[in-house]
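The first chain written gets the first letter, and so on, giving A, B, C and D; residue counts start at 1 in each chain.
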């Protein structure tokens, strides 16, 4: 095992361990979803059993409007997590994002820690790369290669500027990236999406990304995992450790990003993620105009179990909560939930 | 004793026990009444002893604008509670709702746990059934029967969608219920009202209910007992137990429902309930336009005592508090309190 | 000592003891002054030593715009308190209110517990009676008599509706009092003022009082002592003890009353009191338009000391704080402080 | 050592000790910067390494838009602090303010505790005097003299009205100071600035100061060190100790002053200080329109170390945080940060 590989592996497994065991939520910041309320409808005039979560994503039909957010790959533990997530996602009809697939390219022997197509034959699977790599030697070929390696239906490029600043030897040259992203979109055969990693994509940037040819945008806003917090726990640089505390509340709340992005992009495919923990939050996000709702760290603990039952239980819980929220609001279809006037800004108290 | 009866009885007595001993108030939600303040009038120019709480309800005159909310029946403990409540209500001139009377119909030997007419000969007594039963075999005949069995002056149909979801084998088909409620209103000889059980009837639904022929609407809003919380304590389903936490703040605050319902229904008979604990809250609710104010769980503990003195004391306390609030506001009649401009939104602080 | 006298004495000394030793502040309510801020002026262009607190009250000139609020009389302890307060007030140039002087009339042997003219020859002294007594046998003659007995410069009639409700055998017939107050104003040779006791006189009532001939109004708002709280500690009636908790937040905040009263009565003499504890609050109240600021319970502890030094120290502290607030705002005269645009609603944070 | 000198020295060293060891932050008041948020830009399209903090101040170019606020001089400990601060400021390109230089004039043997030009040959150094001294015998000659003694590039006159009130024998005659400041500005050969000491200069006063010929204004607002708190710890006067508590929240928040001052003075050179603790706050202040950002007490602890490494580390941390905030906002130059529309009032939550 060469040095660079060992260090990538070490970083990946540290990320998982820290996300599982340390307080990595942003401080003094929330998703903003707590400021919204679905208006209860006492007489729903629907049958609970008839409520459907079905939707479409990337022109595929999907049992639920939910996505497992990009998280991991590259280590043994990551293999377990990915396979658990994939089996559960397949069973329940969720889309699934893989963690950054750079390792798969640079250390081919790790490819199979990413490959889950065998256990998830029908759901959309999304490969993942850091957009900034396009400034560090990556191009369309590499992108195409990772998609093929993991048999993905599409590719997500993630934007993680502040994480790179807080990582030792991070890649912090973000110049001209938009045009390079545009190039990838024009070249690749599969749909390309762009996501943040927890500080949020604002409305204007979402528009610029759609204009550049991106198929979907995942706002990945603040209120959940803060990568400044994660890197703080890994850092040995005292200056960055102090600075990390200053930035633990940085970012744009998920609900803010989502509302702004939907307003400026009425038809673009939007994924809401960042701080999602239950199906009621998901229902609110759908009501705010999301097409899909992504769950990251809140799935992690269950996904580390030896078998997929625990994580499947969590997915089912989230679905049930979303159904209950829909039943309570008198809404039986995802497309009726999206943009519903039944979502109101708190306080409802008159 | 057959199985179904035993299970109904068990459910009923568990409800009472949980409501008495567990934390069943909704979390992160209030009635909204705390946001209103009656403007103090230093020079009331009335005599405290001349203040009258008299009002009329269902064309009957009533000593107070208060109602014991529908709570129980079907078990021995329920019999004690119902008789205590009825005796105190009769003594002090409150209206009284009985708990769901389905048991009385399906298990005739429990009828006398509901019957209180002997100790409450003059006050309005209201029978109670789940509206959703109209989708599960119940019709006008059953409704008429329960009214006669308990010698009631009217019937309340309750809407409890989320409770049914959280109950094992709950009845969750709420399709077409409005037209069935309309049918009952057209057929029954006594007035029919509709109530929630703690998540609130919003203004538009109140209007649709009045249009359907309902005589009165009890908003039964959020801020008091949460039935998700109650069922959580009974549940053995781990998924529902987790989901219950997600929905412990669901619902529309009582004050919100009341204000909206009154605005959209200037003349309909409205009952305010959900989270009422004292006569000052009741006075605010009357000022917001309620015709009657209902008290549920806050009466329960006193009603379980062997004799009616304890619960009569509570009713008297609530009345006294309402009188004091009226004296402090310079208002001596319920009809002047209703819709008074002396109710102001907080903060009064300039 | 006859029974009625003993019971009056007992009540009076209990009031003092409870006010000194029990939590008698209203709950969930503040004066509202914390919502205002005097805008700091870094370059005041005045000399601190030249700041003057001089003002006029009842056509007399006064060293400070401050008043000792009506508190006590009728017992030995009250004598000490009154004499301490009077000596300090005389020394520092505050006006002084006496507690309710009914005892002086009904139990002539207690007169000298009220008489302080010997130690306070020059300051305005104000006698005090409950306005409601005008419905219980009192008339202009009694009012004139108390003023003469205590050699007062004026008479304050206090409005205390809710206190009467919570007192055993309270006098709760407040009918027609305004016209009787008008009668007293027309008949008496000295100025007559009206005050609350801690629930606040609203703007409209202030206007009606000025129209009736009252010379000054003391809003005596909520945010300080709550008489429901005081009477709760004396009560033996379990129903009233429970009800007292319900009303511990009743009343109109001092700042609200003051602002509204000043708006509706641009020229009437207004006293701000209720919850005043320091000279910064007093400066804000003057800025909101008060002519005089009254301090009640916050003076009590110091006034019970054997000699007047402790209370004189408190008065001086309050004056100093008011001067500092004026210096900090660049204002050197009370009349420039009154209605200054330098008072701003918080948050100042932009 | 004469008495006056000993007492000045004692005061100075007490100030340092109290500022280091006692809670001297204002209470119930903040800078207001927490109410602003820089809008995250996921795709900054700049390179982190290319971000520049360069700016100009007093027509000199400066490596950073930062200033060490005026703090000390006159004692041995002050010498260490000043030399540490100066060495670090020189190394990193910060401007530096000296503490009040009155001692240097009145006790010439203390001059060298202020002199740092030898270790800080290139950065702007600012001498400091209390503006109120102009009413106590000081004139242009004294001002010129201190500037020369410490080889300063400019002079700051500080406004500290409330501090003088709380100091024993404070100088509290602030009459006519503006015209005297104007005189100094007209006479001196170096630029003259005016600052507060933590209660804030409001917008109108800033304008009057610029009109009087002042070259720069340092708002030095509330939310950080409160000099009432500092003097409270030194005071032996019980009345002032009590009064100090009343004024611990006095003053105008830094962000409020800055925003108002910038609005009324679009082109004047403005320094933002008061409560600055990190580079994110500094970035927000620049975005609100500051030309320079000053740090006082938050630098003190590190500056007392025997060598300048600790304080240099703090300066670097602040710079790094400012760069990260700029990177996160997609801004690479100080002049683009100033007045940017990327600063938004919280809550961003929609």
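The rule is simple: a contact is a pair of C-beta atoms (placed from the backbone, for glycine too) under 8 Å apart; a residue touches a chain by one contact, two chains touch by 3 or more.
Given the structure is predicted, the values throughout are model-derived calculations rather than measurements.
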Which chains are shared contacts of subunit B and subunit C? none
Counting one step per pair of touching chains, how few steps separate subunit B from subunit D? 2
Degree value of the rotation bringing subunit C onto subunit D, based on Cα positions, nearest 5: 90
Intercentroid distance (Cα basis), subunit D paired with subunit A, Å: 44
Distance from subunit C to subunit A - Cα centre to Cα centre, in angstrom: 63
Quick check on subunit B: which residues sit in contact with 2+ other chains? none
Kindly provide every pair of chains that touch. A-B, A-D, B-C, C-D
Using the touch definition from the top, list the residues of subunit A that touch subunit B in their complex. 39-49, 278-280, 313, 316-317, 320-321, 324-325, 327-328, 347-350
Within their complex, subunit D touches subunit C through residues 30, 32, 35, 131, 159, 161-162, 164-165, 172-178, 196, 199-202, 205, 208-209, 222, 238-240, 242-243, 246-247, 250-253, 255-256, 259-260, 345
